[in-house]
Structure formats: C-alpha cells, structure tokens
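Two complexes, one shared chain (subunit A), two partners (subunit B, subunit C).
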Partner chain A sequence: MTTAATDQPRRRRFRVSRRVLPYLLSLPALLTCIGILIPFLTAVIYSLQRYRLSQPWARKFNWGENYLNFFTDPAFWNTLKVSVTYAFLTVTVELLLGLGIALLLQKRNRTNNFISIMLLMPLMTAPALAALMWKLMTNPGFGILSYFATLLGIQDFNWASDPQTAMLTVVIVDVWVYTPFIMILLLAGLRSLPPQPFEAAALDGVPRWFVFWRITLPMLTPFLLTATLFRVIESIQQFDIIYAMTQGGPGDTLTVFQVEAYLNFFQSTNVGRSAALLMILWAITYVLSNIFIKNWLRLREKQRGNA
Partner chain B sequence: METTSPVERLLRGIAITLVCLFFMFPIVWIVLMSFQTNETILRVPPSVIFAPTLENYTALITGKLETQAGTLDIDFMGNLWNSLFLSTASVAIGLILGVPAAYAFARLKFRGSEDIAFTLLSFRFAPPLLVLLPLTIYFQQLGLANTYGGLIWVYQLIVLPLILWIVRGYFEDIPADIEYAYRIAGHDFWSTFRRIALPLAGPGIAAAGLLSFIFAWNNFVFALVLASADKQPVTVGALAFVTASGIQYGQVAAGIVLSIAPTFALALYAQRYLVEGLSLGAVKG
Partner chain C sequence: MYEKEKDLIDAYIRGSVSRRGMIKGLGALGLSTAAASVLLNASATRALAADFDWKAHAGKTVKLLLNKHPYTDAMIANIENFKSLTGMDVVYDVFPEDVYFDKVTAALSSGSSEYDAFMTGAYMTWTYGPAGWCEDLSQWVKDPAKTNPLYAWDDFLPGVIKSCAWNGVPGGALGSDDAKQWCIPMAYEQNNLTYNKRVFDANGIAVPTNLDELLDTAAKAKSVMNGGYGIGVRGSRSWATIHPGFLSGYANFDQKDLNIDADGKLSAAMNTDVSKEYHTKWVKMIQDSGAPDWSTHTWYQVGTDVGAGKSAMMFDADILGYFMNGTGNAEAGNLAFSAFKANSAAAAPTPNIWIWSMAMSSFSADKDATWYFLQWVTGPEHDLFGAQTMDLVNPARASVWADGAFRDKLSKSYSGYVEMHDASAPGASIKFTPQPLFFDLTTEWAATLQKMVAKEVPVDEGLDMLAESVNGQLKEAGLG
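What follows is the complex of A and B.
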C-alpha cells in the first residue's frame, strides 16, 4: 500500500513533465534561432521598399518594384548568368574529378587511406584563405603559376585580373577546395556497396567498363545526387572565394548573387535592391534544399538499414 | 582475382600523382614561401633552394612589420586570438544548447518535432547575407555591433544545425531499451540522460564539436559584415593584412600558414569523424 501511495504522485509528476520536457530541452536552441527569423522577415520587408541608406527620408514601400525592375535590368541578368555559370562549372568539374579520384582510391589499403586523408586538407582550409593562397600563386610578378604559364609559352597570363580568365581562376580555387568533399562522400558510397554483384560480374568475365556503367554507376546514383545537390546549393551562394579573390571584379565579371548583394548594400547603399536579390537567391536555394533534405534523409535511412 | 596489367598500374600511378600534385602543391608552396625573404620570393625563375628564415613568423608574433615606409604595427596575433575565442565559445554554447535539443528530437517525438528539426536544418542552406545585412542595422540599435557576444550568437547559425543533426543521429542509434532499463531501476530522467545517453553519444558529440569548430574557424562572411578590426578572426584579418602590408609576401604566406595550421591539426587528429560529419551523417565512414 505504501509503495502505491508514493508511486502515485511520482507518476503524475512524470506525466506532466513528459509533455513539457521535449519543448524544455529544445527551447534554448529554438529561441537562439528564432532571433534569426526576425532579420529574415526584415529582409522581406526591405525587398518591398525603396530604401537607400544614403536617402533614408525617401524610404517607402514600392511593393514589387524592386523585383519588377530586375526584368529590364541587365546587371541582374548578368548576376544570374554568372551565378549559374559558376555553379554549373564548379559542380561539373568537381563531380567528374571527385568520382575519378574516388575510383582510384577505392581499394582499402594504407597508401590509399593516407592519400585520402591528405586530400582532405584543401577542404579544411578556409575558402577565403584558399583564395589568398591562389592569389599569391597567380601574382603576375612572382606567382609560381604565372611562371608556369610563361614556361608553356603564354605571356601575360593574368588569371583573376583578366575578365577573360577570372571565371576560370575562381573555378579552379573552388575545385581545389571542394572536390575533396565529393571525393570523400563518393568514396564512402563506393565502399558501402554490396560486393556480390561485382563478384558475379567478375566470375562471368564481364568487361570492366560495362560493370562501371551498368552496376557501379547506378548503385552510386543516390550518393552522386546527394553530393551534387549539396554542392549546387553551396556553389550558387559562393561568396568567400570570389570576394577574397576579386571582390566581384574585374568590372562585373564575377558579381554572383551574394557578392552583388554585398556591394549593393555597402557600396551603393541600395538596401531594397540588395534584399530583393537575396530573396531571389533564397527562393532558389529553398527549392533545392528541400529536394536535397528529402533525398538525404532517404539515403540516411537506407544506410542505417544496411549498417 | 582482379588482374591489373603493368600499363594500367602505371597509368593509375600517374593519375594519383597528378591528383596529389594539384591538391598538395599550393599548401607546400605557401609553407615554403613563409620561410623566405621577399628577395628570394621575387626571384625569377622561382627556386626551391633558399636559406630558410623565421623572420616572417617573428614579425607576425611580435606584431612589428618592417616595410620600406617604416615599421608597421599589425595585430595578427589578435586576429588569431579572436578566431580561437569565437570558435571555442560558439562551439561550447552550441553544445550546451544543441545536445539536449538533439536528444529531444531523437528520443521524445513530440508534436511538430520533425518540422522544427527540418526548419533548423534549412538554416544551414539559406544565404547568410540575407540574415546578416538586416542584422547589421539591428546590431547597431541593440548595441551588439562589434561585440563578441553578438558574433557568438550569429555563429550559432553555423554551429547549431551541425550539432543538432549529427548528435541526433547518434542518439537515435542508441537502443532506447538501455535507457528504459535504467529508468525502471528507479533513476530519474536527468540521471538517465547524464549517465547513459550522454556517454553513449560521446563520440558523436565530439565529432560534432570538432567539425563545428572547424566550420566556425573557417567562416568569413559573418565577421566581415559584423566585426571591425579588433574583433576580426584570421579569415577576415588576413585579407585586411594583405592590403595593409603591401608587398610583404613572405609575411602574408606566414599569416596564412598560422591561420590554417589549427584546422589542419584538428582534422588530422579527428580524421575518422570527418566523413560522417561532413555529410551530416548521411554516410557512415
């Protein structure tokens, strides 16, 4: 009897806290992040206003005008073109290169493990610092890469300061930093594939290229898709590398979304246009990240099932 | 079973060498540069034969930069300290806030938990400037502009989603039965959490902490927008340093080496956690 009596209040207290507990546990984290939602809503309002820091008195709602102006604004179309080109080039090269390296290092042995750890180092470098490293190497006066270019017979190869090669240069830096990410993801994917289909194919003497196209690649597709989406989302928002390397220059060659928005805000102090640009970028990444997260959750479930 | 011809092995060897060359050369070259004087850096053709000097590093550490225009005071050590302080404090706070929340999401399914977790994760993919630009104005009004507190708060945007999702995965992998058994033995919720769940998810918490430290350290745009010189971490400081020091390339290289060394050391130390953390737990390493 006595045990039942002491049990009763304890169980009731437990039931009450049981309902509140999860909220209690996650509330601090939520509050920290909700603080972030306020600037987000502010940005939405800014994007609907005529708002220049230099003319605060002229601030008023112009509703969709910032967005409508984009249709006839060549600078906006340039931003869109540059961002998409950048994302397309970097992700394509990184995917091909990353897949190639992952296939080369597929076999588990000491050398391959050592190489794959070494190859992670570019990914551990801050992108802004990586851009500085490449800036030192492509300096026209003493840069080692400029020297290599002259050895190849190309005089005055100006890398990031020439509008013709600026895109190439920042793409190389991006490839240097982020290929290891794709490599490591695909390497883990390759090593998690079940061995049976490959053993069967080897027994039947199936040619290697056929195995690659018909077994390896299809089985690797979920990993390829995850890696690609993840990189596209990050790449279309690239800021660090481009800003540290050229600040969007020369001219408007590299004014991708975030760089253009940054320059609009701090240099031309056109807050309205800057916010509208970022809203469009947000819409693009929102759609992509929703696809990505669903895809990634499915992959995670599947991997857990295997493990 | 798999027979490889000598030709194929040779081609593979060449391919791997080229890959290593491309990814390792910049790091090696910058390290070499950091031990050279400007005279040897500016030699044409460049050469790897030089008398190594530590003067670039001593200049950075003492904060006195010799230029043609005279001695210039630089506070690169201050930048390094800011990086260390901002990253450590952000990760510590991120873990305190994030680990209990991760446990709630993993173990106590509650109404809206999936939606909230989803929203938190999507912060990781939103354009940072979208939040940062309005924040510059708010921070000025709140008096948070150029304070460590304000920066650490904003750094939670990088740190928290990472911690939440990695640690959540680890909590989900612990069989709930162990905790139930401990609870039935008469222990309350907190001691179960502390004595059973936390130690079992220990590796995950360590992985999340190390990775979010690296991400916080490598962040550039947050501090570029919200911090002035005295609060800037190395990523932003190095960029300003390039402009200030003009043509002291050896010191710029030494600065870069000092800035990337900590993350490299951590990465080597914690390599086995990297794969899983980087893919937000999508792939087991």
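What follows is the complex of A and C.
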C-alpha cells in the first residue's frame, strides 16, 4: 500500500538565505519608493532649469533662478495668498460644520444612520463634476441659486464671475463636497470615545457645554487633527473645482498653486517655472504634514500616558 | 454603385455634362441630393487616382489624434474613400476640446510615436514647431513624387495658408519666403457679427457698422431682450478671449500686440492711446450690455446663448453662428450674419482667424504614408465633400467657395453668410505676432481685461501694467 504523500512528487521548497531575506522583503517598498522618487527628482531638476518647451534651444540650468524670481514676482505672492486663504477658509468652515453635524448625529439610531449615509452623497461626486453642477446652479440667467438670491432681494449676484464673490463661491462648492468627509471621520471618533467619563459627568450633573469643552473636544482632538491634516493637504493643492469654475479668474482672484502650475506647463509650456511652483507647494505640504503628525503623535502619547 | 448614375457623374467630372445637367439626370434616376453627393465624391476620388500612385503605401496604417468637431465628423464620414483610394487603414482617437490640447501636448512632449498626425490650431504650432514636435510639410508639398498633381496648392485662400507657415523667428512674418509649413488648413473661422434677425427686425434695430454703433446697438438690444443681454463675447481667463472678436476689432484700428524693433527684439504694443480708447469702449460694452457672468464665458456659452435667444448678437466665430442656426436651437433660422468693420475709417474688415489644421508628428514612424493622408484630407475633393455634404465650414479653398452648390446651400439657410465671408475674407488672417510666449501673454491680457471689466483696475493703468509685465517676460525669455 502506498500513501498519497509518496505518490506525489515532493515539492521543493525555495529557501532564501537569512542575509537576503530582509532585502527581499523590503523590495516592494523600495520599488514604490523609486517610482515616487524618479518623478520627484526629475521635477527638482526641471525646477532648477530655464526650460520652456517652446524654446528648447535655450534650455539650461539656472540654479535656483526660478525660485529667486518668485521673491520679486507679485503673481507668485498672489498665488501663495490665494492658496493659503482658500485652504484656511475651506478647512475652517468644513471643520465647524462637520463637527456640528457629527455631534447632531452622534446618537446611534436608524434615522441618524440613514442621514449620515445620505450626507455622504456629495463626497461620491467627482469634484470637477460638482463644480460644473454648481456652475449651472449659480448661472445668473437660469441658475436656481441665482433665482433664490433674487427672491431674497439680492440682485445681480454674479457668484464666481465677480472678483468680490468668486472666492466665496468656490469655498461653498468645496464645503459642499468635503464637509461629509470631516463629518464621517468625526462621527466615527465620537462614537468610539469611552462612555465612562460622559456617564460620570452625567451623574455629577455637569453642564453639557462644560462636557463638550472639557471632555468631548480634548478626547476628539486626534480625530480633529487627522481630519484637518487630510483636508489642509488636499485644499492647498486644490485644482479641479477652481479650474472647472473659473480657470483661476476673474483676473488673478483664484490662481492657486495647482492652477498656476498647470497653466504654466500645459498652456505656456514653461516647465521650469511650473516645476518650481510645485516644489514650493510640496515644501508647504511637507512642513504642514510634519507639524500635524508631530502634534498628533504628541497627543496620542499624552493620552496613553494619562490612560 | 449603380452604373447609370456612375456614368453620369463620371461624365460631369470629365466636364462633358454640366452641373445642372447632372443634377437633373440624377433627379430623374431617383437619387437624393445627399446620395448624389456621396456618389459624386466617390467619382472624384476615382478621378484623383488617375494621375498619381495613391497605392504606394497600401497596407500601412496611419493613426490620428482628433478633436471632437464637425470637421472631424466630415473627415470620418469620408474616410472610407481614402481607404479604398490608397489601400491604407486609418485609426483615430477623438477627444473633447476641453482636454484635447493637453492630450496633444502630453503625447508630443513625451516623444510618443503613437500618433502620426493630429489636428491643431496655427497658434499651437508656434510651440510645437520650434520644439521639434511637428514637421515642416513644405518638403512633401514641393515633392512631385509624393504629392498628387491635382492637390492645387494655390487653391488655398492666401491669408489662411500663410497663417499656418512661420519661419520660427520670434516676430517673423507669417507666410514669409523662409517660412516652414507647420500645418495645412482643413477649414477656418472668421470673427464677425452674428445677430438675431427676429429680434432686430421686431424692434427696428439696425445692424451696427462700427464699434461706436456696436456699443449703442448692444445697449438697445439689451433693453428689449427681457432678461437676456445685448452682446456675447468671450471672457474666460484664457488666450481664447483675446483672439476672436476682441482682436478682430483691435486689428481694424491698426493696433498690434507686439512691436518688433530693427534688431528683431519684441516689446508690448497694447498701451498706445488708440489701444486704450479701444479697450475703454470694449470694457464699457461688456459692463453695459454683456453677459452678467462674462468672465466665465468661453465660445460655448457665447454660442449657446445666441442660439437660445439669451443674447441678441455675438461678435465671435462666424461658424459658431452657423452651427447655432441649425435645428435643435431655439433661434434656429433666425440668426443672420454681417461682416464687421470696427473702425469706420478702415477700408475693410480685418477678422483674426482660427484655423483647424492637420499637422504631422515628428515622431511618426512612417511620414510618407502619413503625408498621403494629410494631402487627401486637406485636398480639394474632401474640402468640397465636407462643405457640400457635411459642416466643413468655412472651407479653406477658393474653389470650394466658388462652388455653386455650396454657395446655394449657405445662402438658402444662412442669411448673409456668403456676403459676410466674401467681404471679410480678403482681410482675414492671424493678427497676432508669432512668438513662443503667445499663450503666456494672451492669457495675461485676458486676465487684465477681466480686472478692467470688474473695475478692479482702470483701463489706462491696467494696460500700462500689462505692457510692463509683457516686456519683463519677453526680456526674461531673451526675446525683448
């Protein structure tokens, strides 16, 4: 009688030596890293060059001249101002709204669960499509929002086509799209908080505003920081909403980094300036990320220590 | 194909039967006009093959990068004739215009050999040509071994074909003797007035004949538009805001974008007194009678608003009015056309033009085969087919404009179109100075115009600031 094991040819096991194994395991990470680093380093090199596709004969290294030119370039400072303003306004409004909605939906029941799912709908819409939708809704001729504005007695409100209200309009669109992201993150945070401190406060008859400021908010801070980190990074890199609605106009009202860099590359074919702008944007994002992550880690350690 | 019809059409091609005789004969044989056009084109294709070896590249494939446009529809509708004529195959990708030029830039700047030829505007070749992305087509045009003797180079409208040729020297004249033919036109747009004849007639409004009248007419039209507005012009933050009506009127006052000095150095020319006066009137016209959301208006909004009866007229591409006068638009059949001379002292209109052309990628693996396609698609037979049967309007060839059937088609449904074209075509050409910073400077010009209309900056001050910025950029690029 023969067993099944002896019938089948023995499988050979491929043995990897202990010395090679660490390198093999880190290979996927290394390949991913190379995939990111090659375009990044290429962009760094481009940013140090005078490089216009329309003047290939004039291509040469200018060693940081693109960056130095920014200091005296009002267009750059305007871009920085517009980008920071946009990021500040959108993230602030979205945090306040998202937190408010999350607090309202904190209690687990069917209605709240249904509403929280429905509120995610804007997040499912591609931002460029949302921008086009809002462009139609804010059309002064036939837009529904323009109609409502007229009912409220606001005449000739030109939304994104007026420099005075263009920023407000794109911020509204951004808030409409991304508030649900903050809301769902904070809702998850609120529902994961330990019930004991709240139960103790309720037994002691502590006022609700005191509970919110002294218990809820401090315990929710890591979630708030995470949401803020994601949104700040994304909103300072905003492109689709602004480009689809105004292409950066009217005038230079909305020329944020990505729009300016895009126009520099695809329209002006000024690769050097476009790359330098994106390097500055990368540096801003890097610094902001580090600040947020350091604070997030500090808070986590603090909470662990307290626990 | 039916033998009797075929014989009749071949006789017409040979010249032994008149056009009227052929149409009468085909009618008697029960053929519709559309079917007759297709048969006529097939016969013309056979005639083409008589004196030239069209089969030299049989079995090869050409790949095209195309923009979604009625000109592309005309090309695709006729492409089987090219395939049967040459034995070649043609494949293509069609992209919407919003992303089309990004796709072209990405494909060419990466040196991709995927596409052999692509649609382009002449302005774009001021980047593509010097960058080494597209070929100087003169070398094929001038080679009798590679070009069909019936190609009829001299048949192209002079202002249009010259606008597609540039010597690559910043500020160099378009169509100069040393110019390189970066692309060849299929059809083109002039910028003139399209107005709603129904509204104008009902309210006793006369068609304006100069800039001052245009301002008054636009204001008067706005007052009768019942929630609409008087005049549509483009306003988005883009080079495309400058090139249609705005530049056409500007050029009519002998104004330029740039000056060229004796050493060939460029400098801004848009802050002269005449230019400031022109800008002031243009800005006032938009403020008083333009679209409330003008600063977001591209050709699309300008066209659809006049087609929907939201605006009383537009100073934009004539073919935009042509398309908006077709079925599916609220004002179909009500739009009329007029050549426009902004400067009453000028001798004739001077429309700036946009030209949809074909260019050959420098990375094409088989340029001779690609040239076969290019000479066919820009040839007189396809231009005539497209103009008569499809919407390849405005054709770039004089012979097509002389064609009775085409003129009849236009005159029948497009009031004043033929007259408008004939009046403005002699002065039609690209009015920009060709140079590598074209898109930078015109986009900034559009942004400045937006600031003026929004009253963020006075016209005088805005133009001086623009000129200073333009001069700085030209210097930085080694052009000023």
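The rule is simple: the second predicted complex is superposed on the first by the 253 of 307 C-alpha atoms of A that agree within 3 Å, B and C clash if a C-alpha of one lies under 4 Å from a C-alpha of the other, contacts with A are read in each partner's own complex, and residues count from 1 in each chain.
FYI, a residue touches a chain if its C-beta (ideal position, glycine included) is under 8 Å from a C-beta of that chain, and two chains touch if they have at least 3 such contacts.
Everything numeric here is computed off the predicted structure, so don't read it as measured data.
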Exercise. Thinking of the overlay built on chain A, is A:Pro163 touched by subunit B (first), by subunit C (second), by both, or by neither?
Worked result: second
Exercise. Touching A:Tyr286, do we find subunit B (first), subunit C (second), both, or neither?
Worked result: first
Exercise. Which partner, subunit B or subunit C, is in contact with more residues of subunit A?
Worked result: B
For this session: Tell me which partner A:Gln267 touches in the superposition: subunit B (first), subunit C (second), both or neither.
Result: second
For this session: In the overlay, answer first, second, both or neither for which of subunit B and subunit C A:Leu120 touches.
Result: first
For this session: Please indicate which partner A:Gly141 is in contact with in the superposed arrangement: first for subunit B, second for subunit C, both, or neither.
Result: both
Problem set entry | Overlap of subunit C and subunit B interfaces on subunit A (superposed complexes) | 135, 139, 141
Seminar exercise, completed: Seen from subunit B, its contact residues with subunit A in the complex are 1-2, 12, 15-16, 19-20, 22-24, 26-27, 29-30, 33, 41-46, 96-98, 100-101, 103-105, 108, 110, 113, 116, 118, 120-123, 125-135, 137-138, 153, 156-157, 160, 164, 169, 173, 189, 214, 217-221, 224-225, 234-236, 238-239, 242, 249, 252-253, 256, 259-260, 263-264, 266-268, 271, 274-275, 278-285
Problem set entry | subunit A - residues contacting subunit B, complex | 17-18, 21-23, 25-26, 28-30, 32-33, 35-36, 38-40, 42-43, 46, 100-101, 104-105, 115, 117-130, 132-137, 139, 141-142, 144, 147, 176, 179-181, 184-185, 188-189, 192, 202, 223, 226, 233, 237, 239-240, 243-244, 257-258, 261-262, 265, 271, 274-275, 278-279, 281-282, 285-286, 288-290, 292-293, 296, 299-300, 303-304, 307
Exercise. Any idea which subunit A residues touch subunit C in the complex?
Worked result: 52-58, 69, 135, 139-141, 156, 158-163, 245-252, 263, 266-270
Seminar exercise, completed: In their shared complex, subunit A is touched by residues of subunit C numbered 101-102, 105, 109, 126-127, 130-132, 227-228, 235-239, 291-296, 305, 310, 436-437, 439-440, 443, 446-448, 450-451, 453-454, 456, 476-478
